[in-house]
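Below: a set of structures, written as structure tokens.
Each of the next two complexes has subunit A plus one more chain, namely subunit B in the first and subunit C in the second.
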Partner chain A sequence: MGKLGFIKILVIAGEAGRVTRRYPFKPETLVSEDFRGRIEFDETKCIGCGACVNACPPNALELVDKGDGTLLLKYFIGRCIFCWRCIDVCPTGAITGTRDFELATNDVSDLYEVVVHERAECSECGGKYSTIRQKEYVVEAVPITESYIDKCPDCRKNKLLRALERRRGGVYE
Partner chain B sequence: MDISPILKNYKKIVESIGKSSFTHVGDTIYIIVEPNKLRELAEILYWKMNCYHRTCVGVDERPLNGHFALYHIFGDDTNGLHIVVKVYIDPEDPVVPSITDIVPAADWCELEAYDLLGIKFSGRKLYRLVLPPTWPHGVYPLRKETPYNYRPSVKIISGEEIGESHDKAVVPVGPYHPALHEPEYFELYVEGERVVDVKYRGFHVHRGIEKLGESRTTYQQVNFLAERICGICGFEHSVCYALAVEKAAKIDVPERAQYIRSIVLEIERIHSHLLWIGVAAHVLGYDTGFMHIWRIRELVMYIAEKLTGSRKTYGINLIGGVRKDINEEKKKEVIEKLEIVEKDLKKLIDTMVSVPELKKRLTGTGILPKSEARKLSVVGPTARGSGLDRDIRRDLPYAAYSEISFKVPVYSEGDNLARFLVRVEEVFESISIVKQLLDQLPRGDIMAESIEIPERKMGVAAVEAPRGEDVHFIITGRGKPYRWKVRAPTYNNIPALKVMLRDQALADAPLTIASIDPCFSCTDRIVVIKDGRRYKLIPNKGGVVLYG
Partner chain C sequence: MSKFLKKSIWVFHLNTGSCNACDIEILDVLTPYFDAERFGVKLVASPRHADALLMTGPVTLEALPKVINAIEATPRPRILIAMGSCSVGGGIWHDTYSTIGGVRELLKILKEREIEVDHVYYIPGCPIRPEAIIYAIGLIKGLVEKKISSKVKKAVRRTSG
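Showing the complex of A and B:
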């Protein structure tokens, strides 16, 4: 190429034309259909098992025990990295992904999404455990659990220990 | 390749040292030596056997065996071997001989072990490298008794003087955006227009990622954390971590998953190199070139989003495989788009290198001679621009790189132009690699069936990132890594800047700093102390520049 070869940039620029877009003044889709954006919950499907909370790398999902018989599944978009691991692990398909990424807001409460669950009550000690929805889900999947699912894990454990003690002739307090 | 004679050779060396153990698993040799024999072995490995020094890792193994341990990781690239040399260190008085006078490349990682674990190195000057000066003495973040969320109460010292007393004029470069938009500080000492000395202070963005990976996250979560080590070449870190764990746990990853990993890795290399070429043009004041390169890069970003679901931080990598498959339609689209990229780029690069100012400023500036490059074990395009023929993709093939053919461009000039041309050629090679891989993409699963990770296994993996090799070292624990060490390529390349900048015109310094494609966030990885005040430099007794 000769000494003035660099002038070719004008040809390149002419061919490329204008590539910038008039976003956000002109509505258009900026992302492809494969894009991972914000997640959405189907409150009727969520059972409050916490699988998504365990899988979530940045702790955007949290389970909060309010202490008044409710369990909250809290989603904070501010921490979310849009990896969709929660969608992979959700046993009921309650979480779906969207292509939504324009999430800027001046009200931080817009960035929270909460699913409220009612906790199950133990038929023996009256303590709270798991959630009613999760109980129903387990019974439906494995019907045999119906005989003992009314008791909380602690009571179940104690019951088993007691049964073992009786069999070995020991005394259990 | 038959490596058994080489293994025998290494065994002989280790036996001649005496009182040491030798084990060999896959492509990794594990050697345990007495501390007083370490220097002898390091000299043989580094200079006689021509191994590179990858990094060293301090580990708090007191809960396991009552000792600290130091692992020096060497790499015999010509024979495709990792060599891990371990020494046990007394927990009460953790002192181990330093090898920096024999292996200059080990300088920083020794200081890091001193900072983070309190391991002392005899026979060298020790000072703080990674931790901020206000960090309390006697608190070592990577010791197991220090909780990951420990926050010291910090008192800010503020000095008056900026810079050290020095008879030369001082030109500060940074700490904001010295080359790419990341924080790092260079102090250039000049005589007239020439740079005579360089001081470097980094690690401003040390985020404690290794500690987080060891304490708060589970195995699969670390993939996503690793991806966030670097904003440009994150996927390499994620893959490198996964490969290290897979090696330690002996997990068989389906071929298709390995191909997809390689494809995405190469897409990342293309976008990273294009980004760098653009930035180099920008640093040289050729903004037209910068804009056009980034216009072309946009297509690559689109391909990345199409293949993975995200323009950056792809999030498709897990231990055992990948999460997103590539179908025929995408395959076709990617190949079409890459052809456009190739054609456009060729035209643009031809035009760019014919800009006389650009060529003049790249030629003969920032020279790194081969001998210095070898001494510092530099990696990636920086090494290949200085005549060191090393590329992990070819030397220790991982993912699907053993299935395809590609050239490794090497230039011997060692100047900025050489590094520029290495990267340009690599972009075209990468395009050809992606095409080959897509063409040969085998059928099958993309995720391993069962993933079980036993405790206390070791794994070393290296991945050729756009800037050089990433090295991840892992010791497995229960449900999460016991120790996870990350070595980013820029970690090895920054010390070479001292050589490149010396005796150069000051005006070329920004370009030379940019020419190693520094990635500071990768290099740093740990704690940030916020104070909301302006940082000032204060001189301290040891002659080390500190921040207050």
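Showing the complex of A and C:
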């Protein structure tokens, strides 16, 4: 490169123009349509079935039983790998994906999202099982379940066993 | 945000056992397309010259003593920037035998050994987008507002009783 070599570079730079993004000073659409970002819960649709918890590879979604009649669906964005498998498996379509990538924070508690569910109470033993929203969902889909849905799975099992015992002439308590 | 963060942030890239995806994104931020150097961000070769440590990876047990040495070598006031899902919450490795599971466990260990970290920033993403890193730089320097906050939603029941 001689004395006037920089002119060549000026020509190349002129052809290329300005490539640097002006973000964050100017709002720009930086991400494509296919970009997967943070997920969002619709609390009116979520039934607390735990299908997303089963599907989540890094356990970013967790179901926590608080023991006081509430069931928490916890979403920790800091562990999420944005695979969107939870969206695929959700039976009610309560989870929607966003294109949101601006998630940086200086407080780790900002990265939690919680959906609070009420647990259903068994009419026979008073134990807690499932959630009220899941009960409603099942009755809506299959109305015949209404006769036994207010009992917990254990009580339902015992009822069947007792019925079988009666049929076979066994001892009925 | 404190006063010292307004100057140019020199960063040391600290890989603690990541898969190199986040590391490639950090290099991508330094290219002319995103150009982090317009904010004064510069990669330096030693933690002794750095203001901030860019931590990627879930901190493997093998890397832990070296990570602690690097943090100790950084002059006060020091910033720790946890980048990527592995670093923030342990990611897919949060409960494996060979990692401690992210920056939160690391901070507990640092507290035990009485090594202070002045500021900690968290950037989730797998891998982190270059734009997310630019946004985090803006957040550290006070150019943009924090957009995320914790949410507690209550599920709505349709029937009563």
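Criterion: the second predicted complex is superposed on the first by the 157 of 173 C-alpha atoms of A that agree within 3 Å, B and C clash if a C-alpha of one lies under 4 Å from a C-alpha of the other, contacts with A are read in each partner's own complex, and residues count from 1 in each chain.
By definition in this document, a residue touches a chain if its C-beta (ideal position, glycine included) is under 8 Å from a C-beta of that chain, and two chains touch if they have at least 3 such contacts.
Predicted model, so just to flag it, every value in this text is computed and none were measured.
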item: Which superposed partner A:Val19 touches (first subunit B, second subunit C, both, neither); value: both
item: Touched partner set for A:Ala55, first subunit B, second subunit C, both or neither; value: first
item: Per-residue touch tally on subunit A - higher for subunit B or for subunit C; value: C
item: Which superposed partner A:Val31 touches (first subunit B, second subunit C, both, neither); value: both
item: Touching partner for A:Leu63 - first (subunit B), second (subunit C), both, neither; value: neither
item: Which of subunit B and subunit C A:His117 touches, first, second, both or neither; value: second
item: Touched partner set for A:Phe6, first subunit B, second subunit C, both or neither; value: first
item: Subunit B versus subunit C as contact partner of A:Ile87, first or second or both or neither; value: neither
item: Which superposed partner A:Val138 touches (first subunit B, second subunit C, both, neither); value: neither
item: Partner chain(s) touched by A:Leu103 [first = subunit B, second = subunit C, both, neither]; value: second
item: Residues of subunit A that lie at the interface with subunit B and also at the interface with subunit C; value: 19, 31, 57-58, 81-82
item: Subunit A - residues contacting subunit B, complex; value: 1, 3, 5-6, 8-9, 12-13, 16, 19, 31-32, 34-36, 54-58, 81-85, 88
item: Of subunit B, residues touching subunit A in the complex; value: 217-218, 220-221, 223-225, 228, 288-289, 292, 295, 298, 302, 305-310, 313, 315, 323, 344, 347-348, 350-352, 354-356
item: Touching residues (chain side subunit C, partner subunit A) in the complex; value: 32-35, 38, 85, 88-92, 94-95, 102, 104, 119-126, 129, 131-132, 134-136, 138-139, 143-144, 146-159
item: Residues of subunit A that touch subunit C when the two form their complex; value: 19-21, 23-25, 30-31, 41, 43-44, 46-48, 57-60, 76-82, 100-106, 108-118, 131-133, 136
